[in-house]
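Next up: some structures, all given as structure tokens.
Shared between the two complexes below is subunit A, which has subunit B as its partner in the first and subunit C in the second.
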Partner chain A sequence: MKPSEIIDHPFGSAYAMRLGAKAPWLGHLPGPKTEAWRFTPLRTLASTPFVPASASNDVDVTELPRGLPLIAGAARLVLVNGAYRADLSDREFGQGLTVSTAQEFASSARSPLALLNAAYAAAGISIDAAGAGLRPIHLISIGAAGAEPLAFHPRLRITVAPAASLTIIESHVGLPGQTYFSNPVTEIVLAEKASLRRYVSVAEDSEAFHLATTTISIAAGGSLEAFHLGLGGALVRQEISVRFEGRGAAARLNGAYALSGRAHHDFTTVMDHNVPDCHSSQVFKGVADGDSHGVFQGRIHVARDSQRSDARQLHKALFLSRGPQIDCKPELEIYADDVQCAHGAATGEIDHDHLFYLMSRGIDPATARSLLVEGFLTEAVIEVSVPDVQAHFIDAIRTWLKSREIARGRP
Partner chain B sequence: MAATRETAAAVRDVEQYKYGFVTDIESDMAPLGLNEGIIRFISAKKGEPEWMLEWRLKAYRYWLTLTDEEPAWAKLKFPKIDFQASHYYAAPKQAPALTSLDEVDPKLLETYKKLGIPLLEQQILAGVAVDAVFDSVSVATTYKKKLQELGVIFAPFSEAVHKHPELVKKYLGSVVPYSDNFYATLNSAVFTDGSFVYIPKGLRCPMELSTYFRINERNTGQFERTLIIADEGSYVSYLEGCTAPQRDENQLHAAVVELVALDNAEIKYSTVQNWYPGDADGKGGIYNFVTKRGACRGKNSKIMWTQVETGSAITWKYPSCILQGDNSVGEFYSVAITNNRQQADTGTKMIHLGRNTRSKIISKGISAGHADNTYRGLVRIGVKADRARNYTQCDSLLIGSTCGAHTVPYIENRNPTALTEHEATTSKISEDQLFYCRQRGMSQEEAVSLIVNGFCRDVLQTLPMEFAVEAQKLVGISLEGSVG
Partner chain C sequence: MALLEIKNLHASVAGKAILKGITLALEPGTVHAIMGPNGTGKSTLSNVIAGREGYDVTEGEVLLDGKNVLAMSADERARAGIFLAFQYPVEIPGVTTSAFLKTALNAKRRAEGKTEVDAMEFLKLVKAKTAALGMPYDMIKRALNVGFSGGEKKRAEVLQMTLLEPRLAILDETDSGLDIDALKVVSEGVNSLRAPDRAFLVITHYQRLLDYIVPDHVHVLAHGRIAASGGKELAVELEAEGYAKYLDAAA
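Moving on, here comes the complex of A and B:
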């Protein structure tokens, strides 16, 4: 990228200044010819005149939006437009948890969006966990634009010390108004035998952009359980890369999406079996209504000599109307022979037999459909092992289904 | 065995190259390089009408604009091809025949023996002067006559251009347009020959058509062009290639195959590809960059691709179906075996446009040695393809820890009433299965061959009988030396 192009870049000249010497190896925003972004065009994003969050002070968020989950005993951490808000957050996190704001740290993510974050991010937040019996953390990121479209780039690092275990819940929400662009980068490092449960819910404003990049590295014997829910936003991408760095590590990465209107949601996962004897499983389910667009891209990579790797992946999506598009690209890249790897992908509509079964028992068609959709998504949500979170996610799906029925005039 | 006989041509060609091609440039060969003059030269050599030349030139001029658009997305590694370093035309010549099998490379003979090829055919394959008793020409003429009576047109492409210009004009480039992709465009500009098939309305072609019948046009060269049209209600089964190893010094092969199936027509296209794969260190070998596509234009039409890919250093090939007609059916069955340093990136595209269209993809990839084997496929369901149905199954088998097996499917669905299903697995040959076979007295190689054949069964059984038997043996032979 030439310097002049950076100045002309939608993100403006501040971007260029911060990038400094690194600029030459940065690309533009990925276009439709970039394989990793073929299903998720960024035209609208690139043509929106965003201003950096730091330059916009005209919105004052003084309390948390309603509808956020209450997680018993969780310590709250609040970001507004990507900046840490001490007044809305808990001060005490309990023993073993160190939360520091105003951190500068590097991320291993090298995608154009992650680099954009690196160039633009305000101070990062670092969460270091050690020991057992830690309080869960509830991180809330609120997008609130004022008179102008706003871009912000939250930056988060989570490290879990050997044998420690942490639970973190993330809620990404937005206030109605002008559009905003949230571009979070999360770097997670799990030490030996460390375990992390991470539950992410993305329910941004229907006009908002949310492009999240998460990289997770897991050392020997470590384990990850993650669930990502995608319920809203004009353009949402949750990109999650997991890399095993030591033997005997395991990851369960699951997710669900429910789309309506013109929503676009993209799950992109990379499961990198870099060492032998690791297990991974992925279950992603989605439903698409209106003119929405659902995308799932999942790559499983098994490196040379990563013997006895066990990797599974499943993506299933349901059409709820005539308009949506669902694109799917599950990918296997295997360089070791003693492995068990499989992926499956299916798209279709609600099974008429199932519908008939429910209707023959006196259930009206709309309710029957809702029940089936809920059941379909719940199959993924039951992978969440924290009951409070599971219940909240199921509630969120029910609320989504209700709003859909109301939108169709079927209260 | 029709298919094997065709190989005679290929094997003989090698001899031809050895003795004639390199040392002595004859007048029947185009000069090195590619330019408009060469295209005109090829066209003039073939005595082509003006419209054909125009079409070639149009393709060539378009190709020039593509210089930076050589496909790079496949999981393949090879040095950049210098397109100016090839000859784009060489007239078919008679090979200096050997006098007996004793002069043939014993390794080659061993392979023939394993494939179970009769002695007589071995001689032809190896380029030994053929006994008068075995007059292949007369056999061919008998068949040709019969086909003619039925109204089947089965001719070299260059002949069809002269005799059936209306059909060629109508269908050439209608499935794979000259602007389709880098290699197809190159082929459109410089293709030397190929097959043309037209099956008239309502006819079920009584025999399997194989390129072997075209006795006069054996050296179709590296840029082959095939066009098959099945008119309403007709059926044809077409065989391409052969199980015996084919040697060819042409590094680059860029063929184009177009199939058109009209209402209620069915085309079955079977390929066994066993070009020279290079030596164990990956030196030499054919680059096989093929664009194959069939259009199910008519209602209830059906196109079925079956391929057994064991040869070539590099395979880049995606036989596809465009399912335009309502109720049309596309099927793709593939076995791709890579050993040593071979690389294969192959798969299919199923484009569902019509209602009630159905497609089925069964792909079996086997990777051994230091080889890489990729399945790459697209299933696209258009907005109007109501009740379309796709089922895809891709299985990969890894033999040894130094090879790679990859699966890259794309599934794009725009129609809620459509159902797509994709499954893929990767595994190795189970120790239990091996042990079981060994325990019953089979050698390691026999056991592997048996197990791999079982793994490929769904595909191999869709091959025409004569191919299937040889293909089974070929599977075993291709994996020789891969199990320690």
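Moving on, here comes the complex of A and C:
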């Protein structure tokens, strides 16, 4: 649905009032009785008086925050409060990459949050990739609210032409201050034999909301390798739907989360084997400390004629204390008979034998736990095939572990 | 003063008494072997000394250089110089052997008031030690013990021992699962560590290991007590005659 077509929806009033005052959409968010949102309540979000991003409410961001990954040769694309910032972005993207920053385009996502995005997103960013040897793209989305809570709705479309190959890294970060709500929608279309590597890191401010919707369609012989890291935010959901549209396509969709304090993180995935002969694998691992809440909902759908589908899914989580909650809901809907499907889910605590082994070598319990948590999450991060990105993600996890130690009064 | 003194040690697991009064003194520079059939408390003894949770010491003392070991946590004991070579070293996915070794080595060095080794010094040190044990250096890049063969795991235990240079090394059934070549390599590694200021407690089921790591004293553990003590010839006798007479006598 295109933004201008949404006028009939309840959010249409929002579209009409796009640059108006207080958000009129809060009453239309999914509630706890909506199955897909059962574990991720939006009460706090709905009761926050967000205003749309506008120049008057923006904090002036003139430089990039620290701690962003350095990806050799990557072309930078920067959004501040959802708006493209030419001054912070690269101008040249190199051969084969077309980036346009003021596009209205449709998204296939139909969720309330995607519609909300359509209602508000004034303009989207479109990345079209063709050919080989393309520069990687590093998309940086910065949330920076001024005096009032701020809502913004980044809209992104990525197309990869037949046999082309693209790598995109996304960093979603925020500046401390007033709360903000980032509601990105990303539409990805991979043509025949196209391949995409997409690495998303969400490390928002501890007061921020981030509800991301991604839809990916993959044509015959296409391949996706995606990794999503969730390191914080008051309420974060990364919802990713993958749909195979042609035979011989493959998707590796992986992720990790590390939560402390009152952080909430939700991975919701849909793997739609709509055609025969496709492979999908998912590995998600998470750790939860404090009073945090981790959610994994993973649906695998294999259509009736999708023979020789191979679909695998694994979610493993560790409780680091007694306070957190972890909900895991795998859903397998398999209508074909010649398929390989496997799913696993395990939630537990740090293994006492592992802990004793490290302590018996003189490593103090806090350091031993940190090593084990890092190792546990590393098991997922090693799925990232780009060494720079893998190293950055492991560093980010180490930084998270250190901040947790500091919070507990350890040097 | 003895390096390790165990005085009238009683310990139980889940309310069941396993050790029923063990008294043992290890002088610096000596190797003591503890032999005995399965289920007599050999592993309990090593776990109690190393500080594993789940064991209740109901009576007695364990002193390392005169200090009360039982009041220390497992990591404090290790930094004080106790090293347990595990019968079944655990596999820890995601944690590289090198990160683990460096963390352990620097924890020990900090406790001794020494400066930490940096990455270069560490690699140089590990290169020398792995070469001496006939281990491929690349093994330290692998996840800790993951996918290691039985022999590789035991070599990795000895590698850790040579890096951490303990005061007291406890070898818990180090010979189990080893073929004869691996047994030789592991034994040579242990023998190279024999030193006037270090003691070994070698726990084993079979005499075979003691052909390579020759003990100064041999003790027979039966029903949670030391049923007999002697020199290395006692091990040979046990190999020939079995444990039956000690089990009957202690029962």
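Rule of thumb we're sticking to: the second predicted complex is superposed on the first by the 380 of 411 C-alpha atoms of A that agree within 3 Å, B and C clash if a C-alpha of one lies under 4 Å from a C-alpha of the other, contacts with A are read in each partner's own complex, and residues count from 1 in each chain.
Keep in mind that, in the parts below, a residue touches a chain if its C-beta (ideal position, glycine included) is under 8 Å from a C-beta of that chain, and two chains touch if they have at least 3 such contacts.
Note that the coordinates shown come from a computational prediction; the quantities given were computed from them, not determined experimentally.
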Partner chain(s) touched by A:Pro32 [first = subunit B, second = subunit C, both, neither]: neither
Which of subunit B and subunit C A:Arg304 touches, first, second, both or neither: first
Touching partner for A:Ala368 - first (subunit B), second (subunit C), both, neither: second
In the superposition, subunit B vs subunit C on subunit A residues touched: B
Touching partner for A:Phe376 - first (subunit B), second (subunit C), both, neither: second
First, second, both or neither for A:Ser360, with subunit B first and subunit C second: second
Partner chain in contact with A:His352 - subunit B first, subunit C second, else both or neither: second
Which of subunit B and subunit C A:Lys329 touches, first, second, both or neither: first
Subunit B and subunit C footprints on subunit A, overlapping residues: none
Residues on subunit A engaged by subunit B in the complex (per definition of touch): 35, 304-305, 307, 317, 319-322, 324-349
Residues on subunit A engaged by subunit C in the complex (per definition of touch): 351-354, 356-365, 367-368, 371-372, 374-379, 382
Partner subunit A, residues of subunit B touching it in the complex: 73, 396, 398-428
Interface residues, subunit C side, partner subunit A - complex: 50-53, 73-75, 77-79, 83-84, 86, 89-90, 92-95, 99-100, 103-104, 107-108, 111, 143, 160, 164
